[in-house]
């Protein structure tokens, strides 16, 4: 393996730059050259390459977003595009590819590998929803951003004795809602994985009120229901004004947390090792406190499971 | 003056606790007792008092919100309520009152003073819209919260080459939008004080695109238009997907900035001095780098003016 | 189990309050009363108790330090003191005790258990050095504080092309230095667990300089050598001015990170469960992504092992 | 004026990049070209120039440090070096120079102006000690960093009931100590501008202890005395263990605060205007809430005055 490429794909996540840095540094440590591919698979198809040396990834470990940019490129599903991309990489002397992104981004990598071009995947998404790994790069940072926002809103909720619905990211996975709700001391948490009864939230609000607590924080993952809609339903039932905050895009940005940077370092290094060892078609992850790698198929055949023991715990702690 | 009271009113703002602390400490320094009134004017009417000694305001300088809570109490406009409140304060030996809040909160304080009970106002609101003072407590903190959010969103905007509309607080005053937009490097800023042409924003977006810049941040004060509505109008004109983020309630919370804490200290101390000197009916403020005080009437007769030179500057710097 | 007590002991750590909250809430969930013991074992001996209900741990999940205070009390090693403490707890109807602190704090808890009073330990220390658990409460927050400081110092290091030695906490354990150094992109990391050659650092500095990089960050755990001393040795060898920063006590404080709060919730809940199940003499921890509990003896007989694969990785990534 | 140059000099300060951006953008707005000079006056002498267009200052407004680097170059005091620098700038078509730094950096700019080459100064230093302006770029950010550190240390001080001495920057100017001490709720503040009696601090410590307060924060500017030395003196007098924290270099770094960025925008724009108007030999500043400019001589003939009313206030509020 003399030269590899690296790209970022899908929604950006804090720590992607730290992962790019790790890929470049680890590869250079082993004497392997690295090419950065700009704008994800679109750039791969269009040969939007640029060599990355040690200096070109200096001073990026702390930056949010991705210096390689990201883009959607649905055309890449088609075999023609993939074969062209492989041909062009080969022409440029590239022998392996690291793809940083969510499990959706792994599909192209798997198909390129099946067509004979070894690819490796690094899980980079704030949603923490890639099967086969306990954590993804960006989740811990997003979590801290959400918890910081809950802390801020709690200041107002307490001062005015208001109830707030806070809508957080998570279409299919409740990880952000669950962890942030638990860490933020939310009174109720709604996640896609668990059915909820609106009456249950109403009961909790009333129970709090009866012991003199007139403010409350309710976290809802966007996949469950719009925050504004939930607030309206609660207002109708309680007769009390409920405020809503939709955290939105701030959850994606910011300087990565210490843990996301360390994870990025571990994942980037293992990804390069896999390519050097000739093991394409695999994703890296963390499992039982150890860095692991597994066939891309696992990411498609298994389903991510949020840690539902946290759900039970949050109910017990928010009595 | 042997005993004074202090209350917070209107929307909470970071630094209100630092102001309460300053009122208590400064009063105690001069041997004056202090009573905290809970839940604003409602608590004033209902004698919701609690003595505050030096220790009871320890470890609150850094906390957002207000330990005295805040509440709406429209009934207080009526003379009867005001007279009752005065009678009750007198009965408790209270001889003066400090009101921390926006200019709306000053009205009750002015009327109590007119009825013979000396009150003093401290401007505490994130909106920075109290006439007669250049800055209000809470504005600087809110500004930094908004700028931090812009920085985070810019990570994503840059990585995906998207344009974002960010809606910030400010119904009538553009201060937050203006300062945060300038500090966040926004490409366009929309404030209630200035008419805007949607075509102008479109032109700026196109000019950016023509020099290869495909991401852009547009700040809009809530008083101008809903962020989602603006995004839709821009999408219709440019044909490009525009994302929206409504920062909402996170702007009110958080630990106060250094400057807001210092301002709170200066204002709290001057408010106590005024009461001791028998000068009721006045609001404190900062003007030309000096702490000043002025008749409540100024707050009602004058209109707050945002610094529109920043508007011109932002246009020049975001070419 | 009708009533339990909780205390914090040893150096304070961010997340201790979140753990206290979890203990109280979980106990109340099961109908168990909770008594807070102030000032650690000293307060235990002196019956410095105060009942903690659900409301009394409201709004503390986000606060650094410990609302129960901490203190040294070497006298508690003696049997007499322990027996007195047990007698007094029994008199107050207390049937079990949760101790939050480092492994040093576990000794008293083990001895009380051996004397017939069931105690459970929760690992709370920024050093991450409690045997039997992969993480302690406070480590993640301290890590982020250190990384934030490295980021700030790097701004100056880059601007002036200086080399900095940054001394971080860790007398016997290199965890903070290792993780923070890796996350901060440090060029060299010195930990108590690994011998170092000063010439190796010199070589790395020179290698960086030869490829045009004139700034560098060196992290040293306090247990290895004073930062100032290391800087002096490096200056003598390189002839270049080296700056030093001793991060010190800021590493202990601050609002706990999301992860530390979640860990505190998990640990607090398990600790209460153990007492309810009559399982005294055990510490809780996290192992292979699961909450575990183990005999106090493990904490004394085993030795904490920092993850030295991070050490190797940091050397490879900082070429 | 067709082309101007910009450099940063002296210690770096957060907001310098925002000022560079403002200079470039404002100049381009008026059709003036800009050249960045690397490594301060050394780079000026060595023609270390690089053209800066609008895009090259994109995404830097939020970054600490200076992208133009800074350096010491004592040789520049000599006339020969200055004349060479002028000649070289003229050869490159440069007609004016903006210098961003402390008042020490203004000397070269003044001398170049006296030799016929128009220069303008922008105050960029965390120390806030440039005569003729109320605020310098970087001060507000440093203040917030120090206050954040005090908040963290207070967590530990409160939990363990310890007294801490915190040493902050400020050799001759007490601004950082004064503002941060007031905002951090310090019990005592020591600044170079005011004599202090160690007995006074001891009295304050004892008075606090007598009302049950056993923790205390003492802020000392480095120009007064080393923190460790002060702690030792206090220990000898009180017999109580005093802890010390030297904040050091973290005070220089970090993303600039909103206010520092706005100030940088205002100053950068005015500096360019002055050059365009042919007004060399002047520094920009803020006075009475307005941007002003004044002859460099003011910076050398006047002396910066910290706002000592804050000193009195802090004494009153920390009773």
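Letters are used for the chains, namely A, B, C and D, taken in the order the chains are written, and counting of residues starts over at 1 for each.
One rule holds for everything that comes next: contacts are C-beta pairs under 8 Å (C-beta built on N, C-alpha and C of every residue); 3 or more make two chains touch, one makes a residue touch a chain.
Just so we're clear, the structure is a prediction, and the values are computed from it rather than from any experiment.
Chemist: Quick check on chain C against chain D: do more than half of the interface residue numbers occur in both copies, making it same, or fewer, making it different?
Modeler: Same: when the shared numbers are divided by all numbers used, the fraction is over half.
Chemist: Name whichever of B-D, A-C or C-D reuses the A-B interface, so over half of the contact pairs are the same residue numbers.
Modeler: Answer for A-B: the repeating interface is C-D.
Chemist: Among all other chains, pick the one whose mean CA position is farthest from the mean CA position of chain A.
Modeler: Farthest from chain A by mean C-alpha position: D.
Chemist: Can you work out the whole-Å distance between the CA centroids of chain A and chain C?
Modeler: 28
Chemist: Taking each chain's centre as the mean position of its Cα atoms, how many Å separate chain C from chain D?
Modeler: Chain centroid spacing, chain C to chain D, equals 35 Å.
Chemist: Any idea how many Å lie between the Cα centroids of chain B and chain C?
Modeler: 39
Chemist: Using the touch definition from the top, which residues of chain C touch two or more other chains?
Modeler: 151, 154, 158
Chemist: With chains as vertices and touches as edges, which is it: line, ring, star, complete or other?
Modeler: ring
Chemist: Let me make sure I understand the interfaces: which chain pairs count as touching?
Modeler: A-B, A-C, B-D, C-D
Chemist: Considering the complex alone, what residue numbers of chain C touch chain A?
Modeler: Listed in rising order, the residues of chain C that touch chain A are 18, 21-22, 25-26, 28-29, 54-55, 58-59, 61-62, 134, 140, 143-144, 146-147, 151, 154, 158, 179-180, 182-185, 211-213, 255, 257-259, 261-262, 265-266, 269, 287-289, 310, 313-314, 316-319.
Chemist: Note which residues of chain C are touching chain D in the complex, please.
Modeler: So the residues of chain C in touch with chain D come to 8, 11-12, 14, 16, 63-66, 69-71, 145, 149, 151-156, 158-161, 164, 243-250, 252-254.
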